[in-house]
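What follows is subunit A paired twice: with subunit B in the first complex and subunit C in the second.
And now, the complex of A and B:
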């Protein structure tokens, strides 16, 4: 599968580990990447606060560039914020011919909204790609319990993102299973981490981060997987200051590493810590993966599998009894014959 | 809340309400105050008046009070409210409209939110991309939150997360023109 990648402003900064680990996996899983030419900032939260026009124009310019170079090749945005804004411009242009023309006028370029915009999880939902990843997993994570954290921008508003369920998505779970991880069910999968306020109101944001970390741990997770550089930085970088505040209140620290889901895939596919960008994690993250790889795999059967196993075992026992009876019936007959002789 | 004259509120507020309704596409009369929005809102606990309350105040015409609230600026745009509202009321859009209404009149209830937006857009206008370091520095200086995140900067720096690869679009001048014209209110439609 081929995609036109929109890096966004975070790709070479807060999203570096995401970019690195995604590239590692992509090269080995048949994902081909073009780069959107001359892309510009999607506008983040500021563009769409200023006006609907700016909220559409900034992303649309990059989409128009991608279209001019690659036609209807899907545009890939790893950053969930960029994904949300690009989808906004795309859907507005597709929904209304008038609006599409207005957007063209605002950016001074033709834009026909031909290409879809997909997020970082999408490529791995293609059966071919998932199969290729699975085949290259040489160091599975042996049931590492992972809480998949989507954040808010990938799944809401549904009218724009059209990706997975707004309340209980499952796509990232299927992807981390490819690496041998065991996703846990938990309640804060899509609850906003507050990253859009990380400059203007960090005080309001911290309780959101704390609840997410605490809930993941309560649900039995050993690690959190993310798909957005802003969410990831928020959860990973701020864990330390949250624990400092907890210590001051006499509460135990929340100790849980935070990974981009592609870091889990890359590591399971044999990437070194450097190749998977693990050194960039704030909460130490290398040891847990190394340890998970040494675990014995415990295979838990589903109820159906258990029933089938019971039936098979019962059949085997019955067959063994029958064979024994047949052998016992045959043996006295032989003994009688032998006795007669 | 005390005593208020609903008829007076109604008369005084109708222009403001019309503008906010037109901007957001929201008809506040459709809300029957079930509270699913506030129940799911991640910032409801920090809000002076939660999102259900904001709509209620607009319903009775108390726009003046709404324009002083932190809630519209606290809104993260996460969309849980809209996802759960049985009437599909676009609360994020409503909050955005209230913030825009305030900024147009220079009465932003949260100066940090407006400052962040302007500094961010200044950067994008100038460079075509966002520059986190410049953004943080200018923001801290302008708002007086001088030591915000100062402890985190060295940690980010040592992990190579601050300095990007120096990318700037060659079409920077185009981006500049687009951003400038829209901010100046020229040629746009909304």
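And now, the complex of A and C:
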């Protein structure tokens, strides 16, 4: 599958590990990437808050460039914030012919909103790609318990993203399973992490992050998987500070590494820690993966498989009994024959 | 030459506020054939009516035009005035609607007045070619049909039967009773719901004039007021009710024990042959064909083996009958909205300890799955902290329904009270948007609950998550103090919206009546005719008409019964004379009218007519005046113009158009 990639500002900075691990997986899974020519900032939080026009025009310019170069090839945005902003421009242009023309006038170039905009999880939902990834997994994570964190921009607002269920999404869970991980069900998949308060008001954001981390651990997770550089940074970067505060309060520390889901895939596909960008994680994250790979595989059968196994076992037993009876019947007959002779 | 009188009503300021009624009367005086025109403050009042009667006599009028509110309001009244107090035929009356279609639409007298004058001119032109019309009598079959066997249907049946008329109750489930036997205690008196409803259920069964058909549905209704031909399908029960004693042996031996019980709202299991609850009426079991091994696979048959009277019959089939009834009451009740599909933030059904109000009723009911002990469905322990969330689905135009479900504020308070009563030291938090307790003794009940210690928090719960220790963490807001609130609950009860039950659309089509935008049956007038529909002879009772509580349901059932009794005690009723009429001379027998009639009121018949002094036998259309509702579709479809509508004939309509165009 071919995608026009919109890197966004975080691709080579806070999201570098995401980009590195995604590239590693993409090369081996048949995902081809073209970079959108002369792309610009998507507007982040500030663009759309400034004005509706700015909020639509900034992303639309990049989308128009992608369209001019690559036609209706889907545009991939790894960062959830970029994804949300690009989707906004796309949906506004698609919903109203008037708006689309206004947007074209604002950006000074044609834009027909033909190409879809997808997020980082989307390529792996394609059956071919999932199959290719599974085939290349040489070091599965053997049931590593992972809590998938979506943040808010991937699944809300539904009218823009139309991607997964807003309350209990399941798409990332499907993807981490490919790496052999075992996703846990937990209640804070889409809860707020504080977003930009990380920078402007860390005191407000840390309790929210602490709750997310604590809840993931409470649900049995050993690691958290994310699909956005900002989510990842918020959960990962302040964990040490949060633990310091917890220690001061006499509470046990929360020890849970935060990975990009692509890091899990890359590692399972044989990437070194460097290739998967593991060194960039704030909370040390390499040891857990290495340990998971050494675990014994416990295969959990589905109820249908269990039933089939039971029936097969019962049939085998019945056949064995019959054979034994036949042998017992044959034996006296042979004895009789022997006696005759 | 007609002698037309024009009477223009002020309607207080409703019309006079935006229409210069005196100017209208003055303009009317100049219109052709008008010999008198005048105004009155309230034409529909006794004084207004006398005014009309006096002037009809004084000026020897032979046509009356009243410019007033919509004919749907008072045309019937004015016709009655003409019929009873003057010598005029009541159909020599025209009503010009200068209120709903004029004064209530416009704000400017300069626009409203000329429009009113046009409307009056049209009515005057039509009145001139109105002819006398006569009703005839339609016989009334003195039997009533009640669709739905809940408390509304039961009450209506008892009232009608006590008045001496035979009644049939058709109920879709295997027992009558509806939702009431599921409830534990009812507000505001906290009497036991089953204790007050089951005696009425028994009364129905014992009443010599009441026939109960359970596991039955109405498939088709043909006919009209006084003469409804109803086709009822009684589904196979697989048990001979005459032989069955209700001993229950079959239920104890049935091997299919893992079917979620609908009566216990999925919180316990039942067998394939079952009685939904011990006080069911009729008190006999039925076989759930979809889950019975004998009926699906041909194996088992244990119930037939153990039945002491041999009442089981696996070869039973549906029985379809068609009977005639004079009146029908729709009392089909409600269902609760399926919140699990809409509110993922409350767990979407994945948390066993987040339950609906009706499930809570089953928990707290002594005949329920936990014998009346409030226990958590997940682990059977007693909850110490309960959270009630009101308005789940109600008042939510975005995800649920836009209306208020009316009973939940009261039963929410009831649930809080019951929880604190049964669990000493139990804490109950009720999250609300408003508290609506308007009925008799209702607010006192709510105040009592507050005094008992229920914590009412004004705000919604935004999310419920389940912690590993089993607690349900409820995140909400207290908007009165401005604080974010979090409650670690053991049990969460969602008070969900009342919605129309499944199959309402199909039933509405079968009985030929309308549903409102929310799917409840439409009443004829929300204030003045709450238990009637626009279909004559068809009445409404209970939550089928809209969400309400038990006192209002029973009141409506009585009202519907009164209407039915009023209809059935007549020997005959007057037909509507404004029906289609076919001129045989012009009719070519093409049958276009037969195809287009929505009421199947027109048929093609062979008639022997005299034409050109010869007898000719040809096919012409014939209108059944009883079935015809006067919609006029056939008059439009008719190409030679043989079909015309009495009281709304083509000539009259053309004259209206001319009168309007001339101005």
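In this section, the second predicted complex is superposed on the first by the 341 of 341 C-alpha atoms of A that agree within 3 Å, B and C clash if a C-alpha of one lies under 4 Å from a C-alpha of the other, contacts with A are read in each partner's own complex, and residues count from 1 in each chain.
As a working rule, a residue touches a chain if its C-beta (ideal position, glycine included) is under 8 Å from a C-beta of that chain, and two chains touch if they have at least 3 such contacts.
Here the structure is a predicted model, which means the values were calculated and not measured.
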Contacts for A:85 in the overlay, against subunit B (first) and subunit C (second): which applies, first, second, both or neither?
neither
Can A:243 be said to touch subunit B (first), subunit C (second), both, or neither?
neither
May I ask you to decide whether A:191 touches subunit B, subunit C, both, or neither, giving the answer as first, second, both or neither?
both
With the two structures laid over each other on chain A, which partner does A:200 touch: subunit B (first), subunit C (second), both, or neither?
first
Taking the superposition as given, does A:226 touch the first partner, subunit B, the second, subunit C, both, or neither?
neither
Quick check for you: in the superposed arrangement, does A:262 touch first (subunit B), second (subunit C), both or neither?
neither
On the A-aligned overlay, A:167 touches which partner chain: subunit B = first, subunit C = second, or both, or neither?
both
Now for A:12: first (subunit B), second (subunit C), both, or neither, which partner does it touch?
first
Identify which of subunit B and subunit C touches the larger number of residues of subunit A.
B
Indicate the residue numbers of subunit A shared between its subunit B interface and its subunit C interface, in ascending order.
166-167, 191
Residues of subunit B touching subunit A in their complex?
42-43, 45-46, 73-74, 76-80, 82-83, 92, 96, 99-100, 110, 112-113, 115-117, 120-121, 124, 128-130, 132, 135-136, 139, 148-149, 151-152, 155-156, 159-165, 167, 169-172, 174-175, 177-179, 182-183, 187-190
Per the touch rule above, subunit C residues touching subunit A in the complex are 343-345, 348, 350, 463-468, 473
Considering only the defined contacts, which subunit A positions touch subunit B in the complex?
7, 9, 12-14, 16, 38-41, 43-54, 57-58, 61, 65, 102, 105-108, 152-153, 156-158, 166-167, 190-192, 194, 196-197, 199-202, 204, 207-208, 233, 237, 241, 279-280, 282
Where on subunit A does subunit C make contact in their complex?
165-168, 185-188, 191, 215, 218-220
